[in-house]
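Here chain A shows up in two complexes: once beside chain B, once beside chain C.
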Partner chain A sequence: MFGVTVVSFSLIRMVPGDPVLLLLGERGASPEVYRSVQQSLGLDKPILVQYGIFLRQALKGDLGESIASRRPVWQEFKDRFPATVELGMTSMLMAILLGIPIGILAAVKRNSIFDYSFITASLIGYSMPLFWWGLILILFFSVLLGWTPVSGRIGIEYDIVPRTGFLLIDVWLAGDGWVAFKSAASHLILPSLALGTIPLAVISRMTRSSLLEVLGEDYIRTAQAKGLSRSRVIGIHALRNAMVPILTVIGLMFGTIITGAILTETIFSWPGIGKWVVNSVTARDYPVIQGGILLIAIAVVAINLLVDVLYAVVNPRMRDLL
Partner chain B sequence: MKRRKLSASLLSIAVALGIFAPFRSAYGAKTFVYCSEGSPNTFNPELATDSTSLNATNAVFDKLVRFQPGTTTIIPGLAESWQISKDGLSYTFKLRKNVKFHTTANFIPSRNFNADDLVFSINRQRLKEHPYHDVGKATYESFDSMGLGKLIKDVVKVDDYTVRFILSEPSSPFLADLTMEFACVLSAEYGDQLMKKKTPEKIDIEPVGTGAFTFVRYDKDQMIRYKANADYWDGKPKIDNLVFSITTDASVRYQRLKAGECHLIAEPSPSDIDSMKKEANIKLMELAGLNVAYLAFNVEKKPFDNILVRQAINYALNRKSYIDAIYLGHAKLAKNPLPPGIWSYDQKISDYDYNPEKAKELLKKAGFPDGLSMEIWTLPVSRVYNPNGKKMGEMMQADLQKVGIKVKLVTYDWPTYIQKTRDGEHQTMMMGWIADNGDPDNFLDDLLSCDAVGAGANRARWCYQPYNELVRKAQRISNKAERTKLYEQAQVIFKEQAPWVTLAHAIFYRAMSKRVTGYSMDLFCRDYFNKVDLN
Partner chain C sequence: MKQTVLINPMETIPVSSEPHAAGEFWYFFRKNRGAVIGLVTIGFFLFVAVMAPWLAPHPPSELFGEALRLPPAWQVGGNWRFPLGTDDVGRDMLSRLICGARVSMGIGFLVVFLSAGVGTLLGLVCGYYGGILDSVLMRAVDVLMALPSILLAIVVVSILGPNLFNAILATSVVAIPSFVRLVRASVLEQKTKSYVIASKTFGAGAFRQIFVNILPNCLAPLIVQGTLGFSDGILNAAALGFLGLGAQPPTAEWGTMLSDARSFIESSPWLVTLPGLCILLVVLGFNLMGDGLRDALDPRLRK
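Presenting the complex of A and B:
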């Protein structure tokens, strides 16, 4: 984490561009005005002093204030993070719930038409530019068919006061119930589909190849020889052993989800952290960049830690290693 | 068999859930949805410099004076009338009575708007010792960069409904400056209450004003909700609720308009305009904005200190072709630094025509018979006044090659571009300007005076005394006819000296549902919803 703070702090400052001048835009300002704004933002101090202040405050849980909004970075992150988590979790859930079964089917029906179609489709899914794919989904499902909303998190007619930040929960806490939940869920469909396409392709391919490797093992032949049913052989004996690389890929896909969230959040006007951090890079909003990157790094490490724990659950031989 | 039963069950569940049921937005009666282009940084216009934040706050606040919609004519706002002293140093405003502040979840006003609120709002920005000056780590870029800290010597409450501004020197644009958003009126009573509760920063986050709409709530990066102010002094709005639905991508905004999720959208993409014109349910409005795009010569660097070189490049560029290719026809060719909508615009000025032969002649006279090499710094972002700086740069490069000028195109990302051009590192660079207050001074002085070189806005770094004297003199006199004469003379000098190549005045659009009535476009690209209605 210390390394992350050094990298995020120093890299953004190496890039030319002055946040004070950005605030002023095409407008000019006298040197006095410039200095006054610079001082109020704490940007007049030497770089090492600025870093020391940032680190000291970060250890106390204070990540400074956003230059753009003047509000605490932690508060801004907290307000937006649940939206990204909700979208990310839904996308991953879709990718896992569809990807693993499809991968299993492709492995079991190896070299069939289904398998060849799957390989082609997964390659296309992996290669498609997210921005284009999102717009196509909107054009087809929202504009032409009218089946789904175009963008946003919920219909405008539902005035839900955010409590947890997870809208699928907040609609129940607000007492709006099932109708509002449907609206929130329907708004999640296209963004999840767009964001989950690459993880779906990767997870399904990894499931297929990992399962094929395991299905070639001697103990699988033994299980079949013992007369166990096909579903038991695949579901219990083969899949469990194939899960380790699949879990690894799922863990790595969370990183893809976060980077993909930036584009997805832009297309679907999803109020998450991806877009927030990218906008702050353009605006040279140093506190947001530093704090945002640190918090995202913490989240990614936490998720990968969880994946490591899941290894031990899936494969008892790995418990000793932990 | 088992698998088929499972998929059939899943499908039935989905249908039963109705999740895939056709989506139709069903807003409450008279809820107007405006699809805006970005998220506001603040809800206090005093702190805002970006148009997104200023647009979001216009619904909530009023100013002393305002523009008649679609014009630059100043009309009363919260001030019913005003008098300017003969020496131009004193502005006395009579304030409108019975103007109510908003009642919100956090505030119930006990009195109407009066002089205390105006003094509070101005002094917060003006006086370092004001209790609210540093609240929320506020900085007041608009107020400070207009020089109002030095210009306003004092703000005096004469009585509850009379306020006097005392200036340190005469400044004719001052009244026009008060039409800008930073001159909004906040509630002093709300400020006191928040200070007592030790939450003064809420004044910039949960705004209370006198405007047509009361702020309800902001869902970060998603929606801003407002409710119509039934007690609004200029007439209750016809709609009940106003929602800014934040949609950052222009194509998606268009799709939402088509799908009926928005009633009005901000900043349609130029490439969608022709398609919008063909849509039966969409109405398109256009207005020539008060803006200008230009290519500035850094006159401190050779050979652009040579007037003949600058004039030659003016003749060499086929600017009409840029209007067609870059703006897709949605702009007017610019010949002056002022756009035509601003008074004192000189129609009589002769423009540089596209004349490569004349350009070569001038280059030869300037001592460059074999041409020269130069850099053009191209605008890295799409702005209202120039949607594609890169493409424009390529077209300029091709035009200049025909007269023997080799061009290297350079660009940086926006923050870097602003910094380096402010420091004068460029040879030539693209920029533009959008009017703040409808006064010619806002262009002719703020962008081209000698003081503006130090302030950084004069990217040509052009300090020419005969021009400077004219615009400074015009700033100090109040007679409009006399100011017009001075500005016309200034424009003649500008044209001859050619510190810029003037490029275009962009036309801007608003697209809306055919159900919308009562919406008028604003010359400053703001959106007002006081008079809109839905059929």
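Presenting the complex of A and C:
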């Protein structure tokens, strides 16, 4: 964690170009004004002192304020984070809810046409360039069929006051009801589909191979010999043990989701943290990049921890290691 | 091919002579249909990349003012002079895609060369010597791996400025940690083997131990990772190009072509579909071959 602060701080300071000049505009700043702005941003102090200040403030939960918008980085992050979480959660849910059943089906019907077409599809899904896939989805569903909107989170006719930050919930709290919910959901579906494709491919592939491995074990044959129904053997006996590697992969996929969110949010103009960080890089908004990277890294580490804990719940053998 | 499938694999290997390592590898690789398809795909794109100047019907940057956004030849309004149509300033799509193959393959080679080179060296040193250097470097690797790769690449590019070379550099930096980890793990495993200890008793120096004794035995996972590194490298560089942080517009790079074509998605969909399809095929090819190589090189995964 400490390392992440050093990296995010030092990397950003190497960016050529002067944020003070960028803020004031290319021309029309007298040296006095320049110096006073520099002082107010703390950019006149030696670099190590700047880092020390950054670290002390960060520990207190203060990540500085955005040079461009003059709002606290934490505030900006808090405004955008739910959008990314909403997108990431729906993608992940879709990947899990579709991926595991498809994987089970492929494993049970091993070597059938379904299995072969599944293997091919998952390989293609895994290699899919996300930014292209998003455009293809737009081309097909928005341009050709006209079913879904191209970008944004909700139709512009709605002005929803964010309460939870999750639009799918906020529309109900705001009392706009079903129509607004449908608008929000239709904006959400394409980005989730695009973002969920790679996790879907990986999760279903892992489900298939993990289940196949477990199905070859002796205790499965015992369960079958006891006369248990096929669905009980597969659904309870086999799946329970096959879940461990699947969970590992799901945990790893959260990192993929965050990476993918950066591209997906750019394609669909989704106002989340991915787009925020990309924009701030172009704008050389140091505090935002620093804080943004730090917060994203914290999120990734926290998710990994959560996955480890979940692990122990599913697999008792892991409990001693925690 | 058909005959060997019918015969028990154990019988096809002659009992009298030890099978040659390369022959054995080829035998298992060939049996994996996906891997062969991958190899053929890569071979095709490699051929196109090398022969690009001779294969392309027009120079990739030549503007045909009279033919703006012409659809592919088989569609209404198409023209066989431009088999895959033209883009928004009247450049021939086929020629640009062919030259794009050259750019993307070049990117892949450079990224793998740089990241595998640096990563292997660091991994060897870390694994062999251990100590403080190892701890410090491995913590750095942990930090780099905690951050999403694209994010890191974006930051590196923003430091150095957006152009193709810096995008390659950024993509390579992002790929280094996985090589360091992989090589370090194999070195730690090999270091305790008796052939290394035997060589040490004969007075072999560190250089000889690392490069002559240990490195060749770490090659198998390194080759697999290198192949997969190709697809990651091409994909990440194209993503940077797409975000406007990689190759800059006149260059015929697939990711950059995609981002240029975004505003014409409704009127001229072929500008969007074709470059992405090329990226997908190349990445798919490398992934298929990587999987095949892993199966063929690791005796435990052979069926």
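To be clear about the criterion, the second predicted complex is superposed on the first by the 302 of 322 C-alpha atoms of A that agree within 3 Å, B and C clash if a C-alpha of one lies under 4 Å from a C-alpha of the other, contacts with A are read in each partner's own complex, and residues count from 1 in each chain.
The rule is simple: contacts are C-beta pairs under 8 Å (C-beta built on N, C-alpha and C of every residue); 3 or more make two chains touch, one makes a residue touch a chain.
Note that the coordinates shown come from a computational prediction; the quantities given were computed from them, not determined experimentally.
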Quick check on the superposed pair: does A:Arg70 touch chain B, chain C, both, or neither? Answer first, second, both or neither.
first
Is A:Leu139 touching anything from chain B or chain C once the two structures are fitted on A? First, second, both or neither.
both
Applying the document's definition of touch, where does A:Lys275 land relative to chain B and chain C: first, second, both, or neither?
first
Applying the touch criterion given at the start, work out whether A:Gly227 contacts chain B, chain C, both or neither, answering first, second, both or neither.
neither
Determine, under the contact definition given at the top, whether A:Thr266 touches first (chain B), second (chain C), both, or neither.
both
Counting residues of chain A touched by each of chain B and chain C, the higher count belongs to B
Applying the touch criterion given at the start, work out whether A:Ile124 contacts chain B, chain C, both or neither, answering first, second, both or neither.
second
Who does A:Ser186 touch here: chain B (first), chain C (second), both, or neither?
first
Touching both chain C and chain B, counted on chain A across the two superposed complexes
15-16, 135, 138-139, 143, 266, 282, 284
Listed in rising order, chain A residues that touch chain C in their complex are 3-4, 7-8, 11-12, 14-16, 123-124, 126-133, 135-136, 138-139, 143, 255, 258-259, 262-263, 266, 277-278, 281-282, 284, 289, 293, 296-297, 300-301
Listed in rising order, chain C residues that touch chain A in their complex are 34, 139-140, 142-144, 146-151, 154-156, 158-159, 161, 231, 235, 238-239, 242-243, 255, 258, 262, 265-266, 269, 272-273, 275-277, 279-280, 283-284, 287-288
Within their complex, chain B touches chain A through residues 17-28, 31, 33, 41-42, 47, 49-50, 134, 136-139, 141-142, 144-145, 147, 201, 204-205, 217, 219-223, 225, 243, 245-249, 251-252, 255-256, 258-259, 261, 412-416, 418-420, 422, 431-433, 446, 452, 454-458
Quick check on the complex: what are the chain A residues that touch chain B?
15-19, 21-31, 33, 36-37, 40-41, 65, 68-71, 76, 79-80, 135, 138-139, 142-143, 145-153, 155-157, 159, 161-162, 182, 185-186, 189, 266-269, 271-272, 275-276, 282-284
